[in-house]
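Here the structure is laid out as structure tokens; the discussion comes afterwards.
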Amino acid sequence: MSGAEGGSTAAEGIDQRVEFAGIALRNPVLTASGTFGYGTEFAPFLDLGSIGGFVAKSLTLEPRFGNPPPRIAETPAGMLNAISIENVGVEAFLDEKLPALPEATVVLASAFGTDPGAYAELAARVSEHPRIAGIEINASCPHVKSGGIEFGQDPVLLAELVRAVRAATARPLIVKLSPNVTRIADMARVCEAEGADGVSLINAVQAMEVDVERRRPVLSNVLGGLSGPAIRPIALRMVWQVAQAVGIPICGVGGITGAEDAVKFMLCGASAIQVGTLNYLDPSAAGRIATGIAEYARRQGFERVADLTGALEAPRG
Amino acid sequence: MKCAIESDAQPVRAHARVLANRQEGNCRRLSLGVPSWPGSNPGQFVMIGAGVESAVVRRDPLLPRPMAVYRDPGPLPGAGGGEIELLYRVVGRGTALMAEALPGQSIPLVGPLGRGFPIEAHAGPALLVGGGSGIASLYELARALRNAGRDVVVLLGARTRADLIGRGDFEELDVELVCTTEDGSDGILGRVTEPLAERLADRGAETTLFAVGPTAMMRACADLAEARSVSCLVSLENPMACGFGVCLGCAVPRSGGGFSLVCRSGPVFDAREIDWEGLP
Amino acid sequence: MSGAEGGSTAAEGIDQRVEFAGIALRNPVLTASGTFGYGTEFAPFLDLGSIGGFVAKSLTLEPRFGNPPPRIAETPAGMLNAISIENVGVEAFLDEKLPALPEATVVLASAFGTDPGAYAELAARVSEHPRIAGIEINASCPHVKSGGIEFGQDPVLLAELVRAVRAATARPLIVKLSPNVTRIADMARVCEAEGADGVSLINAVQAMEVDVERRRPVLSNVLGGLSGPAIRPIALRMVWQVAQAVGIPICGVGGITGAEDAVKFMLCGASAIQVGTLNYLDPSAAGRIATGIAEYARRQGFERVADLTGALEAPRG
Amino acid sequence: MKCAIESDAQPVRAHARVLANRQEGNCRRLSLGVPSWPGSNPGQFVMIGAGVESAVVRRDPLLPRPMAVYRDPGPLPGAGGGEIELLYRVVGRGTALMAEALPGQSIPLVGPLGRGFPIEAHAGPALLVGGGSGIASLYELARALRNAGRDVVVLLGARTRADLIGRGDFEELDVELVCTTEDGSDGILGRVTEPLAERLADRGAETTLFAVGPTAMMRACADLAEARSVSCLVSLENPMACGFGVCLGCAVPRSGGGFSLVCRSGPVFDAREIDWEGLP
């Protein structure tokens, strides 16, 4: 039975399944890249069968070290990070990390690179593996000095990137958008036009924190990405704007801390959602969110969780 | 030598109950009842919520704080969980909120986390050096080493008497205890590295140094150990978001290049593994 | 004596005066447009002589009603508003509101309009009044349906707007920037090129909140502006980026809740700061912030508060 | 008729001390000691912090909450401030945090705010209708009207007995008190508008209706008053950020077009001034 964590009966009889970008999910709750490691780390806290799936830490072709410390900082209702895509590399991921996961777990790979070719090659590599349900392009890392944010911020570069990766894989292809843009809807349109199967939004918001005693930026990288509850209203706005603009499905990400928050994203048009920063503070929360969404659906008279998508009542006036 | 052992116990996420929370010198002792606590190894830590749970979840401050398990008598029989103690200093918002926790309230907790200290039964003498809140990481280590039959000396260094936290507990352990204060208000006047150098000179190459405290202190210990060719284990502190290896926020530079995660590969490291220059 | 609220001696001997965009201020603390009314509302809570000055609620040529309720919502460490420049109109402002203020209070007018001509006319009108120390162009209202945000989001429109207003006034001219852009530094460069004397940043971040029980957007306007501590790390980043890009002075705005926060903005390059949302929860806070900044300066060995501007130690590496 | 009087007292920002905070039926009563409290007029309100002050300022929830001054015996002699009481229902995060406030703790407070009810000494009978937490706005009004020699009837309507908050206080006031409950657990079975209609029929055109409660109730009262051509004053609730007229967040549509600020022009309005259709 899905969403059984906590054994809620209030969610019984509700069909929790959703489809996102052509991927069948047992429920709409994914966990976000960079906040769920390679999945196994959560085994002590969470039944992986209680969530829809997860997006693994962004991968590069070669293993990659990140930025020097300090890499994180706390801010009001949020945190900054400047990890810079530290990862084991695609090979170790496919050979060591993936096989350690339960068969039934839906795994999405997140691809990162410094040029479209590297992204495409990575996508091709992970596509060969039968366990990869889909590929999320991280076009939006807000603190890698070269690459990363430029793709997510420039519609022409983004189009080029999506085109290259699309050509390299037949798997469900999702583009994760950067919030650090003037018109998020334009970026989503580019993805749709280039054949992406879905978009995830948002990645962290570019931000900064200062240590007043030392008169230095807190992060060694100076700039970092703001995540957590603080950014939720921004993410929600962007999901709503993108939902008005494109027909491809949306995965809502940003500051989700409970089922209510998740529902807000679905009502605004998201087909699935990702839990990010919350995984750090409450590594068992994602499963409860799945159950909570179903309970909400029932309370509101829906039979299928999937029907929550876009069910915001038309604004008055 | 393998630098650290992995805990055999799987960590839990629990709602810990505050049993007591008292000022002791310049520090506070927090006793917690932790449901399904599996027991910890010396040197492991927990991630503890910044502030007690209430009907209202408040997202500021957002992140939990890492704290060494100061005392851990082990899990209670049955499914009763365990009682653990933390010893902490109020330095910022999170610890100030912890200080306001009242008995009966609950705090979210994840642990035990990290790799603890290696306890090798038939090894040589052990010199344990603690400074500041780092002292909290040494009590269970001292107890385990003593129980393993090792020759144990504990050296606690502090600025002043009120910073010699947990001192009474160490006295009861029946190991040799040396205290130093920089203002001479208790124990030997001066820095802990001075008596340490003497003891090191007394003991052989089989000696292991365990140092936990301010970075400068640990580095000084590492240098002394290096000079004597004895091994030195340190326990590092670093801001953490998760504590179990997924945020990658707690990285420290390795002497060979690259980074290690304090929460997963540490917090205990062989001092030679660390690129001390690269620490913030 | 300046900054005397609370009678701090720790701040004594520190020169608190700063200059911002050619305006001499007794200390760097201004209060932000839309959060300080027309000034007199704060008389019971704050000695107006304890702050550097204030920016009055944005004005339009004619009195203007705002959006229907609900107009505000609370979010994690922040709030949303969609007031939409409700104001008494420039005439009532000059004739009724300004004369009610103490002589020594430094007042900046905030200009809003739907086209550059309206902005320019408004600027000309307020410039005639001797009490107006400067004019802040609100090019960035995130929730007025026509006008507002477009100027702040498009460098060409922004240039046109600044040019028009610059031609209409010889008073200190400050452009308040929208954070809802891809490259904030580009927008600041435009302002500098068109002769603005300074920039203020940031205005509220476009955002949204949903009422899950009613399945509606909380705000009647659907979208609103996020302000408060949640956005501070975003504002700080933008001030830092703009400080690298332009030579004109910067006023830092966004989520300031205390002297430490204010100092962060100054270290990143701001000459002055504005306290916004905090005025609602603590209407006497702004005065304490001024004192706190001076105390910080003293602790850190500065003789003048003005020297804090840009005093961030160069990032390592 | 002028619809509301402005308080003569300037509001203060203060750190109010919690004297008591107790459950009463489905409501809680919070007694506060407010330094330099200048006294308030019936119908005025305060903005009270969502949660007590501690060593750590937490920015979630961020905004204070508006609460009517339920009882205000007036400022104490000297600079001693005053003791006031609030009566509140726990409906969300802010009120849930208020409910956790313990005696001795302090809460930030701004007030008194808004314009209260007009107390005209030689006017006709006064019918006071309260529902839900709106009842909290009526106690001082009833007392003032009684002291002014007016003929006062208080009608309290609730879903059930436990919602008839503050009832005992009204009983002590020595005014006519009528209670209704929708489940018949106390007083008259049914809605408060029924006995109200009867009383209205009894009384002349000089009657004033004062209605505070759920929007639907106030609107029903306004309609009854309209039908009888008597004046009806209501006190509106609206989310507020500041409470003193600067955020413009609390606007309600006026029947003549445009908006009024609940915090500054209200919370008390002549019912005819309000565009009821335009309320959210």
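A, B, C and D are the chain letters, set down in written order, and residue numbers restart from 1 in every chain.
By our rule, a contact is a pair of C-beta atoms (placed from the backbone, for glycine too) under 8 Å apart; a residue touches a chain by one contact, two chains touch by 3 or more.
All values reported here derive from a predicted model rather than from experimental measurement.
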Handout entry: Touching both subunit A and subunit B (chains)
Key = C, D
Fill in the blank from the handout: Chain-centre distance (mean CA atoms) for subunit A and subunit C, in whole Å, is 34
Handout entry: Length of the line joining the C-alpha centres of subunit B and subunit D, rounded to whole Å
Key = 54
Problem - Rounded Å distance, subunit A centre to subunit D centre (Cα mean) - result: 46
Handout entry: For subunit B, residues contacting two or more additional chains
Key = 59-61
Practice task
Indicate the residues of subunit A shared as contacts by at least two other chains.
Solution key: 68, 75-78, 220, 228-230, 257
Handout entry: Chain contact graph, described as a line, ring, star, complete graph or other shape
Key = complete
Problem - Residue ranges of subunit D touching subunit A (in the complex, touch as defined) - result: 59-60
Exercise for the section: Within their complex, state which residues of subunit B touch subunit A. Expected result: 10-13, 49, 57, 59-64, 108, 110, 238-253, 257-259, 278-280
Exercise for the section: Sort out for me which residues of subunit D touch subunit B in the complex. Expected result: 51, 54-56, 58-61, 93, 96-97, 99-100
Exercise for the section: Within their complex, state which residues of subunit A touch subunit C. Expected result: 68, 75-78, 80, 153, 180-183, 205-210, 212, 214-217, 220, 222-223, 226, 228-234, 236-237, 240, 255, 257, 260, 263-264, 267-268, 296, 300, 311-313, 315-317
Handout entry: Interfacial residue positions of subunit A with respect to subunit B in the complex
Key = 34-37, 41-45, 57, 65-66, 68-79, 81, 83, 86, 220, 228-230, 257-258, 277, 279-284
